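What follows is a set of structures to go through.
In what comes next, subunit A is part of two complexes: it sits with subunit B in the first one and with subunit C in the second one.
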Partner chain A sequence: MRNMFADAPRASLTAAYWAFILYLLLPLTLMMAMSFKGANYIAFPIGEWTFDWYVQVMQDKQFLDACLYSIMIAAATTVAATTLGTWIAMLIVAEGIRGQVVIFAIACLPAVVPGMISAISLRIFISTIDMPTGTMAIILGHTVHAVPFVVVMALTRLRTMPGNLVDAARDLGADSVVAFFRVTLPYLWPALFGGMIFCVLLSIDDFVRTFFLGGYRPTLPMLIFAKVQGGMSPEINAMATLVLVVTAAVGLYAEYMTRRARTR
Partner chain B sequence: MEPVVKFDNVTKSYGKHVAVENLNLSIERGKFVTLLGPSGCGKSTSLRMLGGFETPNAGRILLGGKDVTRLPPNKRNVNIVFQDYALFPHMSIAKNIAFGLELQGHDNQHIHRRVSELLELVQLQDFAKRLPSELSGGQRQRVALMRALAPDPEVLLLDEPLSALDAKLRQQMQIELKSIQEKTGKTFMFVTHDQEEALTMSDTIVVMNKGKIEQMGDPNTLYGKPGSVFVANFIGETNLLRSTVLGTEGDVAALNWNGITIKAEQGGLTPKAGDHLYVVLRPEAIHCSAAEPTSVNRIKGKIRQRVFKGNHTSLSIEVGDGAVLNTLVHPSDVAQISGEDIWVGWKAESTTVIPDRHAHN
Partner chain C sequence: MVTSNTTAGYGAPRDAAVPRYSTRIAKIVNSSLYRHTLGAAVESRWGRLILLAGVPLVWLIALHIGPIYQMLKISLLSHYPVQPGVDSQFTLANYRLFFSESLYFSPLIKSFIFATVATASTLIVVYPVAYYVAKVVRPEGRSKALLLLLVPFWAGELIRTFSVIMLLANRGAVNVLLREIGLIDRPIPMLYTSFSLGFGLVYLICLYMLLPLYSAIEKIPTQYLDAAADLGAGPFTRFRKIILPLSKDGIVSGCCLVFLTCIGVFATPMMLGGPNTVLFPETISGFFHGASDKWPVGAAFALIMLVTALIAAGIFMRLVGGRKRSAI
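Presenting the complex of A and B:
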């Protein structure tokens, strides 16, 4: 008994941690529980349990189309941002290039510019160059936002790369292109893989840029937003639960893969 | 015979710092040549220039008679064994060794045969599928060596490859390196700051200091007849006796060292009375005994320190006014050297004399 009081700071830290976990998980749990409720409104007790909302969501053409659209945009964003981010990271560590700090700062800027500001400025920009809103505009907006994360992850890995690996490849007869694809890129792979997953999640999650740059076809967050405006329903809970489960699975898998690659 | 490597008046500087100055060096085919010197002496820079990773400011580098001064590393037929091996961490051992062969465009069958042949040479056949991280330091060292040998380079460059190994393994690898060099008949250019490594393996040692060659020769010559104070100090243990010439008689000079008269062979020098000379006296050239010896040089001294080293005992002997000679005594002779008093003696022909470049006479 005396121990509990003697260790007050530790006990309060533990308590704070559990309070945080509760605050994090309670709303999510509530949402998940409601998605199984066999009634049209959101309230306790749940009473009758059902899978009907899930069946309805899976048959919802709008939802499936929005999913497909979001995934397509995420894929295009990932390819573009990973290529650009890797290229910028290589530029920053390259010898004999001046202003590397400036390049780094500019590349990282989109990560700290508020989404709102970035979205408005991009909107103004595309209308200035007479580019229509829609898929291309969204991909551009998402790519600018995702690049800094790829740069930082690739840079961290590049900085731990033994400097003479590339020298060794060159020495054994590789030109700089072959050395990049056969030595640098495989070395970077764990970081790039993590960066790519990050790009996907950022893109799928993005609302504000998509809202300003999008056309008539809704992405997943826009669809959910539109539905919520029509009133909360257990169908939305089911949609949100599906998104949560899938993104969490992807995130955890990515973490597992990068960990495994790093320990090798 | 035409040298396989020729540095022709090569200079390399970084800003104001001159790393290598007017280097002229020819390397014979099939030899084990070591560039030896303290850090910053220009040995690694010379190696990197030959590898193609640095470009000289002036001069030419010839490889097999061809000017390669400005060719990139991948266009030169030399390969480097890096100090920390630089094995590709994501490739298996076999893949690492095959890397250079693949880029030369050999067919798979040839590559496979060559890789197994090389793995067999260092008894790592069973490790072909492992990753470098699963190997010990010595095994990685061997893989790095085989990877560099695989494309059949004209010269194999080794940049302090043994420095990461512990002492015991290092000695073992020295012998293995030398035997691989003899088996393959390749020209090895080895860079090190470790004089023992250089003495053990080399056919020719090139001692470098401050970007220039101090002396070049086979290990015996460098140890026995060092051409400068730097070389004498850098290679092996030594007693350096700064002396003044009293007079000469035939090939032998009489010298004054700290008030003691000693005699030494001039070895081609023609000193005048009053000139300053250094006499290089190796510890093992000194004979210690309780009774007065018969050699030309003999001095009575007192033992100040004894250090037991296993296969010999090292003695510091004070002879005269603060002058100390370091010497070695064989275990079988230690018994007769008990008390403090002792005689030291050496022959006039067992020393080398070096002119004192900094003397103002």
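Presenting the complex of A and C:
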């Protein structure tokens, strides 16, 4: 009898967990299921099932172009944000530099400022430096957004690094540049890999910055937003499902890789 | 320092077992281009300092502070972008406008109410889940249980918002199901209301609450709970006296993160909200996409939002009193 009472909180917690999982997965599952609906409006029950929407989406030039554009922006953002984030992290952990707390706070600022405000301030900023809206502005905005996350991830890893590794390299004749590339960077790599995947997902996902900084060429979220505003059909579901499957695969792969790096 | 011309220098192959890439690095390091640029720079203290701090500092000052500074500057101007023939002068009128019209005032209040309610609901919904994963699940299964929670978040913000429509629309899953089992004749209008917006917000941001809560709860030593149980504390007492105070850190950072995200959310109200749920970001965005010389007003409003949001988060931190953690 006592055992049953002791287990009651445990059972309800388990139930809460699975209910939450259901809550998380149900809308996405419904969204994916709807992409197979054989009619051009969104409504349950699905009735007739079809694959036509996927065929249509795969031939949709606008969609493919948006994919390409999003990937390009994500790649540029990732390279820029990883480089800058690592550099800033190196500055923060460097010996003999004062004001590290201030530098860290400034580095994290874009992660704390709400997305909308960050987007507007960047829109104003690019106009004051006479930069036109468009690809470069989007990449700049996404990079500003992604840098804090790289900084934090790199810092976490740098803190666990034995200080004598770099000293050893220096003793063996490496100057600080070589020591960074041969010792620190390889040590940082697992964290940077995770950070890079995070940058890609952040950039592909970002709507509000792209909305304010973008030109006429839509990125994926812009395209989906425009379609949702312009009248919904299962075509959007097919697009969203494709994007979802790809990004989830990237996320899972990253998770797998970081876990493997951790256990090795 | 071994950088003279006569010795091969760092990384030169001493025997055949040295991997090939190390000779490539030696080639770069010993090339005259490297020795005259980077190599020379790292020889001196100042060179090293500039190499280390130059780019990061320029980036941080120009792009992390620059935009906010420009926004502040423009919010104090009467006209921007400056047109020929129009004189732009310093003014506080843009800030005054906010307090003079309830049309502007009420969306901000609404934004705050929404963000607060969404934060509180997220905390209540997510806490048991975070606790379950951190303390009930066995350590081996923990990362799997966590992974299952992360999967939906690889879908983007927009896709998740869109999928909420599937659930709540008039012919969405909930309404159709309720009609099938005969509970209702007419669909309950759920979409484009405050309910759908709140539901969507919680759905969107629960991860930001989950991760800080999880890491805080996971750190609580299980022995504390066992000791309390041995001394006769029931589950509720253990929760109130041990778990809650010790997870305060996670609660504070999770709530602040969620609150600040909610305040600045832009696409979700446009997709899930209706005419009654015009939030402040939408109001601000109007100044940038409508008539062009309203930018200063938009900048001023954005700053008002930023400052009030940060103050609210600060007050919350002070009230709950999370342990002061040093950032570094």
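Here are some notes:
We take it that the second predicted complex is superposed on the first by the 258 of 264 C-alpha atoms of A that agree within 3 Å, B and C clash if a C-alpha of one lies under 4 Å from a C-alpha of the other, contacts with A are read in each partner's own complex, and residues count from 1 in each chain.
Just so we're on the same page, a contact is a pair of C-beta atoms (placed from the backbone, for glycine too) under 8 Å apart; a residue touches a chain by one contact, two chains touch by 3 or more.
None of these values were measured; they are calculated from a predicted model.
Of the two partner chains, neither subunit B nor subunit C is touched by A:Ala238.
In the superposed pair of complexes, A:Gly115 makes contact with subunit C only, with no contact to subunit B. Of the two partner chains, subunit C is the only one that A:Ala248 touches; subunit B does not reach it. By the touch criterion stated above, A:Tyr187 is placed in contact with subunit B alone, subunit C being left untouched. Once chain A of one complex is fitted onto chain A of the other, the partner contacts of A:Pro162 are limited to subunit B, with no touch recorded for subunit C. When both complexes are overlaid on chain A, the residue A:Ala81 reaches neither subunit B nor subunit C.
The partner of subunit A that touches more of its residues, comparing subunit B with subunit C, is C.
Applying the stated contact rule after C-alpha superposition, one finds that A:Leu172 touches each of subunit B and subunit C. Of the residues of subunit A, those at positions 172-175, 178, 182 touch subunit B in one of the two structures and subunit C in the other. For subunit C in complex with subunit A, the residues that touch the partner chain are 1-3, 9-11, 25, 29, 38-39, 42-43, 48, 51-53, 55-57, 59-61, 63-68, 70-71, 74, 81, 125-126, 128-129, 131-133, 136, 143, 145, 147-152, 154-160, 162-167, 169, 171-173, 176-177, 203, 206, 235, 260-261, 263-267, 270-271, 281, 284-285, 288, 295, 298-299, 302-303, 305-306, 309-310, 326-328. For subunit A in complex with subunit C, the touching residues are 9-10, 12-14, 16-17, 20-21, 23-28, 30-31, 34, 42-45, 84, 87-88, 90-92, 94, 97, 100-101, 103-110, 112-125, 127-128, 140, 143-144, 147, 155, 172-178, 181-182, 201, 204-205, 207-208, 211-212, 220-221, 224-225, 228-229, 232, 236-237, 240, 243-244, 247-248, 250-252, 255, 259.
Only residues 51-53, 72-74, 78-80, 82, 84, 86-91, 99-100, 103-104, 131, 133, 147-148, 151 of subunit B touch subunit A when the two sit together in their complex. Subunit A meets subunit B in the complex at residues 162, 164-165, 167-175, 178, 182-183, 186-187, 189, 264.
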